[in-house]
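One structure, as structure tokens, below. Some questions next.
Here the chain labels run A, B, C and D in written order, and each chain numbers its own residues starting at 1.
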């Protein structure tokens, strides 16, 4: 259950403070030029320690490709990538060894598995998402060949909402802010919380451009459902909406329907997906991240022996997990779209026949 | 891609106006007493034509079990259930044969598959959800044996929000309203929209009681991610939130974390899931339905030949698809939880050893 | 676990003496002309009661398509087919209710599931294979469009081996004999065993013509491995060999290797598969069926309470299950090849790019 | 398609002459004591260069565990293991770069993927099977806790058949010979072929002791079918038989049926599997390996441009691939049985209820 995807399938492994994390990416078509610099650049976008808005843990996140690439191109065999943990031995974990940190998976892992790797959250740490970003980077390379682009940015921090969605601005922003006019206010909120030993939530907005009509496999591998799965599965995500999402539920049908002209859809309330299948319009979704559960304020909790204790966390943590999380949203979205592109190839008999002629 | 679940896996088939719809449910443990009356009662909760708040299409939705049950008990073999369509031949579809209804899957099915069954939406019709409810009813029977209960109700219609969540009240309400004090206002909104040839959106709230700690398979079959997948895949759903969901993103960590005492969690902002695994608390989610796209107002659209036309739909349609949709949410949630209960059985070696001793 | 295939996936349901058996076939490309007469003709080839070489149970095996076909063509949605059991109520099963028939799955079903449908073997009956033949017929229709043909025949009965493999002769033979010169001897062996209240084993040989190079997904969905899975899963099959199979193990490399010329392979010891991938040559395999375990001689067995009894079976049974089994081999082979054809479509990036251009 | 198993799922990666090979093993129950020395010992049994009966390629095959194990125990998270290739850069491959070696997967990989890693067969090399052995060793550790043992040995080399099956003798034999009385003759045959620049085939016999009744998920994840899949997918395997296998097809039912007494089955023609489910008896199968296709005699073949050439291979190769192959058979069998043990846990409702009480 550590895999995702059907035709393009990736699996990840590794713990926050283990030897290494990594991924296996299976199903990449052969002959794709693998741009290793791009993969590293994507990892660099996500890597920690780049600014005061992120955890102070420093990791180089240097990726090494172990298989599946020959003379610069994919061979159709699984691409294994590994990132060795280099900064994981600096601490003593005895203070959290027997304690469940509130808001964390400590409690649930302990009761599910009976034992847990308590060092930095082990497998449940967001550190694992670096492996997703590596896999997602390969998916992005594949999408680029097919004219599809996945973009994202932060549209809300601590309740401060973007009023415009400028994906180019997000690329330049250290917090990936979509609205440069709100960026300073958002940064201030993050630092203020950080100084108060607290954390803030945020929202990532993802945009997929150039996806052809027809992606998504009804009824139980719909594009929107699989995107929801992919996004909700990212650490700290608590809600996902496609297109107008939550807002749709309070609209009238006459307002929410997207009328159609010969040149395309007049509006895009649907977020580019109808009946679980892409309609050729831009695919849009919002991904809601809760505030980082790792805070330095004292909190009430219990031990593994169910004894009540008061507890204040130490260590290095992101004050707003949504920031680096948006890079993970992009990676997961790219993986989903690439998978759907491959799955869709068998949907019409005459196109199958043409393929084999 | 018409299947869902891993260890308890169901597949559905059928079109709105075809011969029949139905499902296959594979993985039900042997020896479960199958209460056919309960299955039928669940279908009756969802079936159309019960009130003015629903479509006028009348379907008995009588379910027939074809296999997998012997002398009243499951045998461990697949349970096939079929519901014959009885009221599907009453209309002439020539007026929509070549037209894409705005907000519907007509457009995307046509471009994905090249051909489509235009009668009532074919496979993309919400009629298929009756098959999910039949499968979900079996899952509910299984959950009952394990002390788990799935409840739901409508917490918002046309922007009118419930202020309390009374699942017993919902059982008595023809629109499954969770807040009896808001029910009349919500009903009025539905009828007003209906009279104006329009439709309204709504929100279903789902509550799962009695789920043990430990359900959910990290990292890519997490409980929240799979619930999001299951809910987003229901017709007309555009957003899903777990626990405080959207609201979490604007909270501070110190507010959003659920502190823990020896007797359990003090609050339940998380909605009963941490790190993708159930924590033993109540599991709560909200499912947002867009307004029914089938409205009788004139709309702009195009034909399959991409010619622009103005179009007003005829026929029988739910003015608020969320109402009957909430029954489908329950069914899907029950199927997910039952699947997770079975999957979880191999998580600890000493319990596996004990099982085989 | 009642499903097979990845991209073309079928599931079956039903018990020997239940209401009905049937299948769901998911992943058939849209726009395929569905020839219902051909499907019925395939079922007629397998149906019981056609001659003295088969069980006397009469079943019409009339197939009804419930979904997935519209105006004679597949729509890309699941094709559900059902065959109602019409001749299942004629007997009293009290004599075998508590007894494990030697060589049958009675024993193992009972211990696995705790309960079992004892009527005619329930789910473990070869009657279920009719559903495979229906699904396989659709796969054959698809293969025909792509120039692939699946043939088979009986190459051995009771140790009497065919010396030539004439698939046209097999079509005309009531026992599907590949060698007309051995047919009478084989028939005599069947009738002799039948008269002695015994049964005989046999071997089916399957030939796949026209399969393109490149089918099979290494390393764990290889064409030969999946064919072995498909064949070994058929009732009563105990061995599967690809190409020279068993014989290969006693050959030298210089003898067993197939040399290559510009016009193709000089020999076909490999049976058309190298490294788990089709090489463009004919795919050949042999499938070994044990003798029907249902015999009328007295045998030693035990009851469900583990009491020893002597037991002589009554009823109607095939004296040589391989005969009708060969039709099932063809169906399974067709389903595997069709699945592999769809899976292979994403194997090269330039072909994926061309598809979406 | 580089994964195997349902509940215990492993994936492998890597090429013969790439950076590394390795595996991911997902689904190991938490709390299993991971004996790293045992894993290495299993790899040592398969590693090349131990004797004149094997390839002269020297590889240490040192395994490193990257994740999933904490303080010596499995944590329930994926166990990643990597084996770096250390002896892969010694040769110039220009002589085989554009040539298809007869009997190898060169031809099929080239046509499937358009490109191929020609160094030592790349992904299709049997070197990948070291990763299976590592995964299989963990499965064996798990099986040991449950009282199940997987054994194997060589029962035939170059047509010279064992007359007894002594698994203890096989442990002591450098060629894993089951019959010490035939061992010298078998060794001589291998060396003779080697000296003549040729190779020989062989047969591995696998025995599984202690498997409980009830393993196997009918009808499409039957124990025998999955074992056949697992074995046929091993490099160079061309046939698989369960129990009496091929011989069964020439027996009468009265001879082939295993009668039952209160103490168990009187005979074991079935090889411990009835209806795809284990019956509690010993599980037995034979796995037929073709002779190594890598021979040093001159053979006729073509280039990637389809030009005819005569070709004599150079390099280091096993004269009998079955020898080291038998260790791989054991590993795959262990993985299948462990998977089936976990899958079976949800088969009876009362046992599920007991688990959660």
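What we mean here is this: a contact is a pair of C-beta atoms (placed from the backbone, for glycine too) under 8 Å apart; a residue touches a chain by one contact, two chains touch by 3 or more.
Chains and their UniProt names: A, B, C, D = Chorismate synthase.
What you see is a predicted model, and the numbers here were worked out from it, not measured in a lab.
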Joint neighbours of subunit C (Chorismate synthase) and subunit A (Chorismate synthase), given as chain labels: B, D
Remotest chain, subunit C (Chorismate synthase) as reference, centres from CA atoms: A
B-D against C-D, pair bridged by the larger set of C-beta contacts: C-D
Centre distance in Å when subunit C (Chorismate synthase) and subunit D (Chorismate synthase) are each reduced to the mean of their C-alpha atoms: 26
Subunit B (Chorismate synthase)-subunit C (Chorismate synthase) separation of Cα centroids, rounded to whole Å: 38
Approximate Å spacing (C-alpha centroids) for the pair subunit B (Chorismate synthase), subunit D (Chorismate synthase): 45
Residues within subunit C (Chorismate synthase) bordering two or more other chains: 1-3, 12, 27, 30-31, 76-77, 109, 112-114, 123, 218, 343, 347-348, 350
Touch list for subunit D (Chorismate synthase) against partner subunit B (Chorismate synthase), complex: 7, 27, 29-32, 74, 76-77, 142, 145-147, 212, 218, 341-343, 345-353, 355-356
Subunit A (Chorismate synthase) to subunit D (Chorismate synthase) touching residues, read off their complex: 1-3, 9, 11-15, 18-22, 24, 26-27, 30-31, 64-68, 70, 73, 75-80, 82, 109, 112-117, 122-123
Residue ranges of subunit C (Chorismate synthase) touching subunit D (Chorismate synthase) (in the complex, touch as defined): 1-4, 6, 12, 100, 102-105, 107-109, 111-114, 123-124, 128, 156, 158-159, 193, 198-203, 213-214, 216-222, 224-233, 235, 238-246, 248-262, 266, 269-271, 273-280, 288-295, 297, 299-302, 306-308, 322, 343-344, 347-348, 350
